[in-house]
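The structure that follows is given in the form of C-alpha cells.
Letters are used for the chains, namely A, B, C and D, taken in the order the chains are written, and counting of residues starts over at 1 for each.
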Amino acid sequence: MTPAWFMGGLILGPLVAAALAFTFPKRGRGMACAAAGVVGIAVTALIRAVLGGGVSSHRVSGWGAPLGIDLRADGLAVLLLALTALIAVAVTGYAAPYLRATDSPEARHRERYFWPLLLFLWTALNALFLTRDLFNLYVALELLGFAAVALVALEGKGDALRAALRYLFVSLSASLFYLLGVALVYGQCATVDLALVAGRAQPGPALTVALALMTGGLIAKAALFPLHFWLPPAHANAPAPVSALLSALVVKGAFYLLLRLWFEALPVFHTPAAARLFGMLGAAAILWGSINALTQSRLKLLIAYSTVAQLGYLFLMFSLMTGRDGGFGAWCGALLLLGARACAKTAMFLAAGNILRAAGHDRINDLAGIAQVLPVSAFALGLAGVSLVGLPPSGGFAGKWLLLSAGLREGQWWGGAVILVGSLLAAAYIMRVMTRAFTPAAPGTAVRPVPPIMEWTALALALVAVGMGLAGSWLAELLRVGGPWP
Amino acid sequence: MIPQLLDGTLVLVVVVLAWRALNDRDLFRGVIEFIALGLLLAMAWLRLRAPDLALAEAAVGSGLTGALILSALVRMRRREQAAAGQTAGGATGPRGEARGKNHSRMVLGALSLAMLGILAWAALSLPAKSPGLTAEALARLPDSGVTNPVTAVLLNFRAYDTLLEIGVLLLAIVGVWALRRGDWPAADLRERLLLLSLLRWVLPLLAVGAGYLLWIGASAPGGAFQGGALLAGALLLALLSGLGKRLLWRERLIRTGLTLGVLVFGVAGAVALGWTGGLLQYPTGQAGAWILVIEAAALVSIGLTLGLLYLGGRPEEK
Amino acid sequence: MFAIGFYSLVVQTHLLRRIMALNVMGSGVFLAFLALALKAAAPMPDPVPHAMVLTGIVVAVCATGLALALADRVQALEAKEETPAPETPPPGATGSEPEDVG
Amino acid sequence: MNVLSLTLLGVLFSSLLTGLIIFFLKEESHRLRTWLNLLGAGLKLVLVVALLRGIYLGKTYAWSFEFLPGLPLALGADANSMLFVTLSTVLWFWTTLYAVGYLEDSPHRSRFFGFFSLCVTATTGIALSANLVTFLIFYELLTVSTYPLVVHRGTAKALQGGRVYLTYTLLGGAILLLAVAWLYSLAGPVPFKERGAIEGLMVSHRRELQWLFLLFMAGIGVKAAIVPLHGWLPRAMVAPAPVSSLLHAVAVVKAGAFGIVRIVYDVYGAENAAELGVLPPLAIAASVTIVYGSVCALFQDELKKRLAFSTVSQVSYIVLGTAILGPLAAIGGLVHLVHQGLLKITLFFGAGNYAETLGIHRVSEMNGVGRRLPLTTAAFTVAALGMIGVPPLAGYVSKWYLSKGAVTAGDHWVTVVLAASSLLNAAYFLPILYRAWFLPPPEKWPAEHSFGRWETHWMLLAAPLVTAALVIWAGVFAESAFSPLAWVKLIAAREYGP
C-alpha cells in the first residue's frame, strides 16, 4: 500500500459513502461508520508514512503539475486530516441518538439528509487539506460551502434558514472573489499549482491584486473580524452536531488555505505590513468576539462568538511568524491552538446540544441545576472551558504559551497583551456559564433525559482538548515535516 | 474592422444588459434580461473561441439558470399575492427603499468602481502573451485517449476536479431535496394526444442527441456536460407533459441515477488505483474507453440532476 | 461585470436579484478566464481555462439551484409570518406547507 | 525510566489516579471511596518517606519530558521541594481523614473527593517542579482544581466566593504566565537552582529583571494573599472546613508562599535579588500584610473569617523571612512554611468541629465550648498559643529566627513589626480561649449533633489532635535531627553557604 492509497481512501471513502447514503437513505449511519473506518485507517497510515518518510506526494491521473493536479500530505495536512477524522467520528457517534430524539416526520427527514451531507462535508475537508491546486481548491471550497449551508438549513426553523441563506451568499461571493484571484494567478504564472506558483511568482500588480482577492474571500469564509457577521447566527441556529462541525472544522478550512497561500504559494508578499494588518485584525477579533460572548444570553451564541474570538488567535500568528526559528514556534502554537480549540468547541456545542435537549432552551440565565441533571455534560463544558481559557496542561495552554513566547521574543508586546486579555475574557464568559450551571435548580424543573453516549462524546472531546497539551512535542515534530521553514 | 466593431458592440451590450438585469425596476423584466444576457454571453464565448463553453452557457448558464429563476419568481409572486390577498392590505409589496439608503449606495458604488479600477490595473499588468498550458496539453493529448483538448483536460489531466464537481452536482440536489418538497407535476397530459405524439418523437431524439454530444465530445466540442444539459431538457419536457411521471415515482431508481456519476467515477478512481497505482490514472492505452464509461455515467447523473434541480425539491418520500 | 455583480449583491435586497447578481459576478470571472485562454500563442486557445470555466458554470448552476430553494423557504416563511395564522394554506405555496419540514 | 524517577512520578500519581477513579464512582459507594482516598494518601506518604530516605542517602531524583519543543516538563526533588512535599503530604493524609468524617451524608462526594485529590496532586506537582514552566503548569492546575471545592456547596454565597477566588487567581495566573514567558524568552526554561539561575542576565538585563520580579510577585502574591491581593481569601472561607484547611494550610496559600521562596532563592538567588534592590519593597509589603491582616482579624466575629485574616497575616512571615537577606531570616521564613501549616490546619479543624458538632460559627457563640468539646478545644488552644508565639511551641521558633535574622541584617524595624503582630495575635486569640474555657456554656447549642462515644466523630477528632501534637513536637524538638528546623537549616546553608 502506498500513500496514494491512503489519499485515495480519504477522498473516495466519504465521497462514495455520501452517494450511497443518499441512494439508501435508511443506511446513512452505516455508511458514515464505514467511511469513518476507511478514513481512520487511511489517516493513521498517512501519519505513519509522513512521520517515517517525510512528505508524500501523489500525482492524480499520473500527469503531475502544472498540467495535472498534485496531492500532498505533509505534517500540517495530516494533522488537520486527523483532527477532522476525530471530530467527524465524534459527531457521528453523537448524531445518531441526537437525530432520533423523536419519531416525528421532521426527525426522520433530518436523519435521511444529515448523513449524506455530513459525508460530503467530510469529503470536502479531506480534499481541501490534500490538494495542491488552487483551482481544485475552489471546487473543494464550494463542496464544503454547500454542504455546510445545507446542514445549517437542516434545522428547518426560520432563524436557521435565514442564517443559512446569509451564509450561502457570503460563501458564494467569497468563492467568486477567490476564483477571480485564481484567474489572475493563472494569467501571471500559467499554473495553479501551489509550489510552481511559488517558483514563478514575482511581486507585481497582478499577483498583489490576486492575493488580495483570494485573501478577502477566504477571510470572509474564515469569519475573521470584521467579516464575521454571518457566523454567529449560522453557528448558533444549526443543529448541535452541525454547529460543532462548522465551528471546529469548516472555518478552519479557509484558514488552512490562507496558510498555504501566504506561506507557501506567495511568501514574497508576507511583508511586515501585511503581517501587522493580519495581527491587528486578529487582535480586534479576539477582543470583539470575547466581549460579545460575554454579553450573550444564549449559550450557543456565546460559543459562536467565542469562535470568532478564537479565530483571532490564529491570525495573530501571521504577525509573529518572523522569528529567528523561522516562526516555527508561533506556527506550532497557532496550530496547536487550532486543534485544541476545535476539540473544545466541538465538546461545548455537543454539551450545549445536550442542555438544549434536556432543558428545552439554552438561556444562560436559566441554566441553574444543569450540573445536577447533566453532570457529565457540565463537566465537559468546564473542561472545554479550561482548554479555551488556556489553562495548563490543556492544548490551549500549550498553544497560547508558544504564541506568547514568540510574541515576547519578537518584542511584540501588544500581541502578548491581547493574548492575555483574551484569555481572561474567555475565563470570564466561561465562568459565567459555569456559575449558573452549578447553581442548585429551582424545585420542580422538568428535564428530558439525554442518552449517555451524547454526554460522554462531549466529555471525550473535552478530554482530548485538555490532553492535547501533553502531546505538544509530538505534534510539533509532525508539523515540522514539510513546513515552510529551513 | 467589422469583427472588432462587432466585438465592441457585444461587450457594450453585455455590460448594459448586466446592469439592466440586476437593477431593472421590474423584476420580471430583469429576469428576462438576465436570460438574454446568458445568450449573449454564449455568443461572446464563441467569439473567444470557446465553442464548448458556448454550448454549455447557452444550455446551462442561460437556459437552465434562467428557467430556475423564472419559476422561482413565479412561485414567489403567487405566494406574495396570496399573502397580500389575505392581509387585504398589500403589506407585502416590495418594501420602499428608504432615502437614507442612497447614501450607502453611493459609498458601495464608489467601492465597486474602485474595485473595477484595481481589477483593470491588475489585468493590464498581466503579460500580453502567455503560453499558458497549451503546449503541455497538446503534447500530452495523444496519451489522453481523446482528441478534444477540453475533454482531455476535464476527464484526464484534471479528472480529479471533475470528480469533485460531479460531487458538487450531487450535493446540490441533496441540499435542495433536504430543503423543500418540489413542485412535482401532478397533471397528466395524456389527453393532449397531439402533444404526446410529438413528444414521443422529440424525446428519443433528444436522448440520442445527448448521446451524440457525449460521443463527439471526445474529438469536437461537446461532452458529458453539454449532453447532460440536453438530457435535462428532455427530462423536463417529459416531466412537464406527465410522461415521466411513472418513471419518477420509483424513487430508488432516481436516486441511483443521480448518484451513478459519482459512484462510477469514484469506483473507477479506486480501480485505477489498484490497477496502475495512481488515483484516476487510467491504464495505458485504455484511457478512451475509461473516459467513455465515466462520461456515460456522468451524463445520466448530470441530466437527471439538472432536470430535477428545476423541480426545486424532493419527491414524495415513503 | 464582476464589479456590477458585487455592487448589486450588496445593494439589492430582493433575494432573486442577489442570486442573479452572483451569477453575473461569476460570468465576469469566467470572462476573465477565457480572455486569459486567448493569450496563448499556440494554434488554439488554452484548453485548461476552458475546462475550468466549464466546471465553474456547472458549479454556478448548482449554487443557483441551492440558493433558490433556500430563498424560497425563507420567503415562504416571511409570507407566513406576515399573514396572521392562515386557516387554509395559500395556493401555490406547496413547497412550504407546515407539514413540509426540513 | 528507573526506580528513582518512578518514585517521583508515584508521588504525583498516587493522588492523581485515585482522584480520577473517584470521579467515576457512584455516589453511594461510600466505603470504596473512603478506602481509595486513604489508600492514595497513605501510598503518597510512604513514597515521600522513601524519597526522603533516598535523598538522605545522597540519591538524585529527576524526571523530565519534552512537553513542547524546547520546553521540558521537569520534576525533581531538592531540599526545598522535600520540605513542602512532606508538609503537604502529611497534612493531606489527615485532612482526607477529616474530610471523610466531615462530609458524611452530604451530596456530590465523588465530585468533591475527585477534585480534592487533584488539588493535592497539583500541590505536590508545585513542590516537585524542577523548572519555572512546570511550576506554572501545576500552579494553574491548582487554581482550576480548587474552584469546584470552593463552590462545592452551590449556595449563592459560595458561588460568589468562588467567583472572587477565580477572578483573583486567574488574573494572578495571567500575570505569572506573562512573567514566565518573558523570562523564558530571555533565559529558556529556567531550571530551579540554588543561588539562582539568572546569573548571566544580571548585567545585560537589569531593568527587565526588576520588572519581572514585580510581575512574579504580583502573580504569585495573589495566592500568597499579600495585601492588596488578599481579597479572595476571607471570602473563600464559605467553603467546607476541610477545604479551608486545604486552602489555608496545605495547598493554595502555601503554594503562593512556596512560589515566592522559589523565585527569590532558586530563580533569582537571594544575593542577586538583593543586588537588584527588589527585596526591601517585598519586605515592606510583607510587613504591611502582617499588620493589616492581624488588625482585620481583630474585628471579625465569624470564627473562620478571623482565622482567614490571621492566615493573611501569618503567611507573610514566610515572605518576610525570604525578603530579608541572611541565613537566619531565611530559616525563620522557611520553617514558618511548615509551622504555619501545622498551626492553621489545627485551628481550622477545630473551627470545623465547632460548626459540625454544635453549629457554632461565631466567636460570640463560643462560650464554654471547652466543656462540651474538651479535646478539640485543647488542640485549638495549643495552635492558638503557637500562633501567638508562646514558647516552646512551633510559632515561637519561627518568630525567634525571624527577629534574629532581621537584627543581623540590620533591619531593626522588622522586630517592631513582629512584636506588634504578636501582640495583635494575642489580642484576637486570647479572648476566644477565654470564652471557650472560662465562660459558662449556653442552655442550648445552635445545632447540636451527637456522635456517641466521643465528643464528636472520631475522624473529626483524630486529625486536630495529631496536628496539635505535631505543633508541640516541632517546637519542643526543634533542635533535634529530624525536625522541620533541621531540614530548613540545611536549605539555608545551601543558599547562603560558602
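To be clear about the criterion, a residue touches a chain if its C-beta (ideal position, glycine included) is under 8 Å from a C-beta of that chain, and two chains touch if they have at least 3 such contacts.
This one's a predicted model, so the numbers in the text were calculated from it and none came from an experiment.
The central chain of the assembly on a C-alpha centroid basis is A. Greatest centre-to-centre distance from chain D is found for B, with centres as Cα means. Averaged C-alpha coordinates put the centre of chain A at 26 Å from the centre of chain C. Here the CA centre of chain A is 43 Å from the CA centre of chain D.
With centres defined as mean CA coordinates, chain B is found 31 Å away from chain A. For the pair chain B and chain D, the distance between C-alpha centroids works out to 73 Å. Counting partner chains per residue, chain A shows two or more touched chains at residues 67, 109, 113, 135, 139, 142, 146, 149-150, 153-154, 180, 184, 186-187.
Counting partner chains per residue, chain C has residues 2, 6, 32, 36, 39, 48-49, 52, 55, 59, 62-63, 66, 70-71, 73, 102 touching two or more of them. Shown for chain D are the residues that touch two or more other chains, of which there are none. Chain pairs that touch one another are A-B, A-C, A-D, B-C.
Contact residues of chain B toward chain C in the complex are 14-15, 18-19, 21-23, 27, 30-31, 34, 37, 41, 44-45, 48-50, 52-53, 56-57, 60-61, 64-65, 68-69, 72-73, 75-76, 78-80, 82-83, 85-87, 91-92, 94-95, 97, 105, 108-109, 111-113, 115-116, 119, 123, 126-135, 137-138, 149-150, 152-154, 157-158, 161-162, 165, 168-169, 171-173, 175-176, 178-183, 225, 302, 306, 309, 312-313.
Against chain B, in their complex, chain C makes its touches with residues 1-8, 10-14, 16-17, 19-21, 23-24, 27, 30-32, 34-42, 44-55, 57-66, 68-73, 75-76, 79-80, 82-84, 86, 90-96, 100, 102.
Taken in their complex, chain A has these residues touching chain C: 67, 105-106, 109-110, 113, 135, 138-139, 142, 146, 149-150, 153-154, 156, 158, 161-162, 164-165, 168-169, 172-173, 176, 179-180, 183-184, 186-187.
Touching chain D in their complex are the following residues of chain A: 328-329, 332, 375, 386, 389, 391-393, 397-398, 400-402, 404-405, 408-409, 416, 420, 423-424, 427, 431, 435, 438-440, 469-470, 472-473, 476-477. The residues of chain A lying in touch with chain B in their complex are 2, 4-5, 7-8, 11-12, 15-16, 18-20, 22-23, 25, 58-63, 66-69, 71, 109, 112-113, 116-117, 120, 123, 127, 131, 133, 135-136, 139-140, 142-143, 146-147, 149-150, 153-154, 180, 184, 186-188, 190-191, 204-206, 208-210.
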